[in-house]
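Structures incoming, each one as structure tokens.
Both complexes below contain chain A, partnered by chain B and then by chain C.
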Partner chain A sequence: MLIQHLGPIASSLFSLLAIASLLLSFVMLGSRWLKNYLYAFATESWVIAALSATIGYYGNYPELYLIAILTLLFRGLLLPYLIWRIIRRLEVDREIHEILQPSSSLVIGALFVMFALAVSYRVATAYHLELTVAVLALTVMLSMKLIGFLMLAVRHEAISQILGLLVLENGIFLGSQILVPGMPLLIELVILFDLLIIVACFGVLVGYLLTHVGTTSTLDLKRLVG
Partner chain B sequence: MHESPPATHQQNACSFVRSASPAVAAGRTAPMSARDVLLQIGQVLTVLLLAPLIQGIIVQFEERVQRAQGPGIFQPYRDLWKLFHKQIVVPQTASWLFWAAPVVAFTCMLTVPILIPVLTDFPLPLSDMGDILGGGLILTLGSFLIVLAGLDTSSAYGGIGSSRAVMVAILAEPTLILVFVGITLLAKAMLPFVVNHLLVSNWAAYWSPAHLFLVAAFFILLLVETDRMPIHSSTHIEVYMIEEGRILEYSGPLLALLKWASAMKQFILYTIFCNVLILPWGLSVKGTALGALGAAAGLVIKFTLVACLVVVVETSQSRLRFYRYQEPLAASFLLAVLSIIGTQLS
Partner chain C sequence: MIGDLLLALTLAPLVALIGCLVVHRRRFCEALNLVASAVAFACALPIPFLLDGQAQLFWDNYVILDRASAWVILCTSIVYFLASIYAIGYMRLLDEEERLYRFYALFAGFGFTTLVGPLMNSVGIYWIAIELTTLVSTFLVAFERVAESMEAAWKYIMIVSAGISLALLGTILFYWSGTFVLGPSYQMTWGVLSAAAPRMNPTLIVLAFLLVLVGYGTKVGLAPMHSWLPDAHSESPAPVSAMLSGALLNTAMIGIVRFLGITRAADLGQLPQLVLVAFGVLSLLIGALFIVRQQGIKRLMAYSSIEHMGVVALGFGFGGALGVAGALYHMLNHSLNKSLMFFGAGNMMRAYGTKQILDIAHVGRFFPTQGALWLAGAIAITGAPPFGLFLSEFTIMRAGLKPSFSWAVYVMAVLLIVIFVGFMNHFRCMYYGVGAAETPPARGHVSAWCTAPMWLALAPLLVLGLWWPGGIWSYLTSIAQSLPGVP
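And now, the complex of A and B:
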């Protein structure tokens, strides 16, 4: 396994990138404007692409360079561009009725990170991964997933929800990059295309909602239609 | 991330405590070294005399950034001089608290510099009176009494100022405690001197995410506690006042004492920010007179750097709505929690 024989510089670089992406998901959690979500998501994807390239360099996995470039292109440029197009069509700039204020959701996110740390200590001891990088990667992965779930739960604009879903996916991708870097290239490609299809479906769904319901907020979607 | 640093932190702290404790013990049994006593008095005097200068530098820089002339960096000294030569007017409703609060607040601010590294990077005879939490307690005691004094005169603005100040304190205090806990976990010791030594000697600890998050969290606290922009307004209108609302009834020398105390509080917080967290270099190691003077000069330079940062924030930010005060503080809380998690991982 790569993480078991890493130099100190490599491991601190990994931790820095992992923590930077965690911080960016907190930026997404704490902001009110949809544009800011989008910028934070794009930056997070670039950080993860940099992480892939770093792992490829230190672990001698040439295919990870390809994955880094694909991540940069798909997650860092194409998906944000598609979502930006949806936002421009929507004329909704921000969450109007917040269920949870940004400050409260930041504090809840902090609690989630603590929970993730506790869980990943358990997991790491169970699988004999007592290395700092492994625990950190597990913590960041779990807390990004939890933050993604939180964003899905407390935000009700369609755009916020798709971005929550993408953060969740980013967390899994980041964790898998550090923990099992030799994941087959094909699976990564499949995931990337899956994401593309998700966003495309969301675009169609948003268009449908706009024409038939007149809103994209899930708060207004209470009536069952047969 | 760091395999070796925990061990070195521990060793560092241990060797530091070991090397410090004989000095402390010697200081207790043998007559205290006169030099150390002088240095300790020097620390208090530095805070006392340079505090208005920092306030003046920040105000002057802000004026220059806004393309105004500015009153000059020595204006706070002139203000204090003027206030000390005025007569005291006391409201009829005021009790003894009104008189006691400025004196106690001023004394608290004179006590804290004994506990923290202002000029020297080694503990002086009385530095073991309290640790980081002790310093925080005394700092808060001063503002607590001013809150009481604001309520004491039963004027409307005093009450509003006090209630607002308490609300900000309720939001800021948990983060402050968490930052202190983070510092403690980082250096495995509760003395600010140990943190200073660790950060000077260990680059890995200085650039570790735990430390960087602590710096960011404390910077937000610094802005909040020293009446700066995202929460406090820069225009002096009663409706916006938080800290100043409490002292509207004061006049003459009492007001001067309060203003001086708040300048000293700002100086002390800047000292903790610079000497313990972000710029731990440039303190007197041997404790010679020249070294102490150099450290004082270095302090002014460091504070000017931090002041530039504060001026940038003050110029670029607008004041937050009342119901959004918790946002920067929640961010600060989050950063402190992340830093504690970072210390658990390293």
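And now, the complex of A and C:
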């Protein structure tokens, strides 16, 4: 098991990268401009790619280099490019009606991190791993999950919702790299491609929404109730 | 022999998918999809008889065929076959001749993904199969391209993708807990996880199971994660609604059942079952409340699906041979019956040109045969004798009559009565409308393509209600025993 015998340098590198991506998801939570949102997501994907490569180096998993390259290409370049194209076509720059001020959502996000820490600590104690990087990995994974759901709940531009969904997936990807680096390569590859298909589908749907409903704000989707 | 059947079963819809994309002629696509679904049904039918108790593995252990997956595939292929017959009549009414080949390509693709899902032996690939069903069916939901179906499609893909990402998290936590027993790299199949489960740490398994349950529960439509279901089911074309309800929900349910088997092997006590029972009761409650006050005809059927998935969840939650067998039997009955109900609802929607219950009147007078079939289906879906659902719901209730779960049985009984009254009241309005206009429906004729599958669905329901073959019973109880650690 990798995380039980890590050198101090490797351990602190992992922690640094994990915390950097958590911070980036707070940047996303606090910004109201869609472009900034997108840049933060792209940077986060690069950080995760760097993390994959680092784990591949320290843990002797050569296949993780491949994953790192693919993450960089798909999540770091291709997905942001696709979303950037949708944003340009929509001519939407920012969230117009906010349910929650960015500052309040930051506070709620911080509460989520505390909750995630409590859960992770409990799980790690069960395995006597409370002094390793596992606690941090689990915390970051769970809190990015919760932050992603928060973004889905309080944002209603279609683009913000797609990005919120991608943050959910980023959190899982990050955690799984640290916790289970030996996971079969096939699954990770398919999940990467899967994500690409999802975003393509969303692109098509956003186009439909615009032509047939006339808006991309999900606040206006309220015909179907009861 | 079984391997060949399985190959034909999965290849048939795939061939139809490619054929429809290559040849755009609409009559050809109709026929191709119908033939593919008939082949799938013909192949799925004998598989349960040919299987002995052992699970069979194919393709380097990536495909598993055990009695549970054979059963779910049988349910799926029945719905796919019936819906394909129905689609021929129904889709001709939509005036979408140009795009019809896309519908049939997507429909065959949807059939393929729902048939393949239960067969996946790798837990990760099962997740991917479920995700694929969402992606394909989103475009089927959005097929009519009006504002309502766009809204439904957006909510569907958003809620289900977010929910299913929780299932991915749970799957990864399961893998992680396995690494402490099996080493950093192993093939995560259902069998390997169950075998390792007794030595895994319970804290992590509870967390992972809850995540998986909520994740796949979103796809199954268990309350309170059900909110996409009424929209998607009511706004898609009727054959797609039947597939969503009768095939897709079962495909996701089998995943929950397999994870439940793993937690039983891990000996976590009653917690996992209790959570499943709680979701089941809540689904019944939501179903009952919304059925009573419902105004849309297809939304009524959609809430009934939530109710029935709640009943199935209760069956698996109660456990034991009776509970599991009852729940599996209920899956088959519900697949048949809900297809029948959605077909009838689609016909009436097209005939009267409305989705509102209040605007439909005197169905029995204008459509004597059609109306009688639909009414019989409505009696069956509320769990009244002499149809199959009465038997399966009764079996599930008997399974729950043990001290720990008897409260759930009483709640279930009360809610089922409420649903019976509410559902029948809506049908009374549509058959003997009070105050509704006397005007005959705009379209007086329903094609034979749209009526035949209703007969085909009702006949087995009646037979299964009057006569429960001993073979089916022993088959279903053997599935219950193959789930590890059944009390």
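Annotations for the structure displayed:
In this text, the second predicted complex is superposed on the first by the 223 of 226 C-alpha atoms of A that agree within 3 Å, B and C clash if a C-alpha of one lies under 4 Å from a C-alpha of the other, contacts with A are read in each partner's own complex, and residues count from 1 in each chain.
By our rule, a residue touches a chain if its C-beta (ideal position, glycine included) is under 8 Å from a C-beta of that chain, and two chains touch if they have at least 3 such contacts.
All values reported here derive from a predicted model rather than from experimental measurement.
Superposition of the two structures on chain A leaves chain B and chain C fitting side by side, clash-free.
For the combined model, the angle formed at the CA centre of chain A by lines to the CA centres of chain B and chain C equals 140 degrees after rounding to the nearest 10. After overlaying the two complexes on the shared chain, residue contacts for A:212 are found with chain C alone; chain B is out of touch.
Of the two partner chains placed around the shared chain by superposition, chain B is the only one that A:136 touches, whereas chain C remains out of contact. When the shared chain is aligned, chain C comes close enough to touch A:161, but chain B does not. Legend: residue contacts after superposition of the two complexes on their common chain; A:36 is shown touching neither chain B nor chain C. Applying the stated contact rule after C-alpha superposition, one finds that A:103 touches chain B and leaves chain C untouched.
With both complexes placed on chain A, chain A has more residues touched by C than by the other of chain B and chain C. Closest C-alpha contact of chain B with chain C, superposed model: 20 Å. Comparing the two interfaces of chain A, the one with chain B and the one with chain C have no residue in common.
Contact residues on chain A toward chain C in their complex (touch as defined above): 1-2, 119, 122-123, 126-127, 141, 145, 148-149, 152, 158, 161, 164-165, 168-169, 172, 175-176, 179-184, 186-187, 190-191, 194, 197-198, 201-202, 204-205, 208-209, 212-214, 218, 221, 223-224, 226. Against chain A, the residues of chain C that register as touching in their complex are 122, 124-125, 128, 131-132, 135, 138-139, 142, 145-148, 150-155, 157-158, 161-162, 165-166, 168-169, 172, 175-176, 179-180, 183-185, 187-188, 201-204, 207, 230-231, 234-235, 290, 293-296, 299. Only residues 8, 11-12, 15-16, 19, 22-23, 26, 30, 101-104, 106-107, 109-110, 113-114, 117, 132-133, 135-136, 139 of chain A touch chain B when the two sit together in their complex. By the touch rule above, chain B contacts chain A in their complex via residues 1-3, 204, 207, 209, 324, 326-327, 329-331, 333-334, 337-338, 341-342, 344-346.
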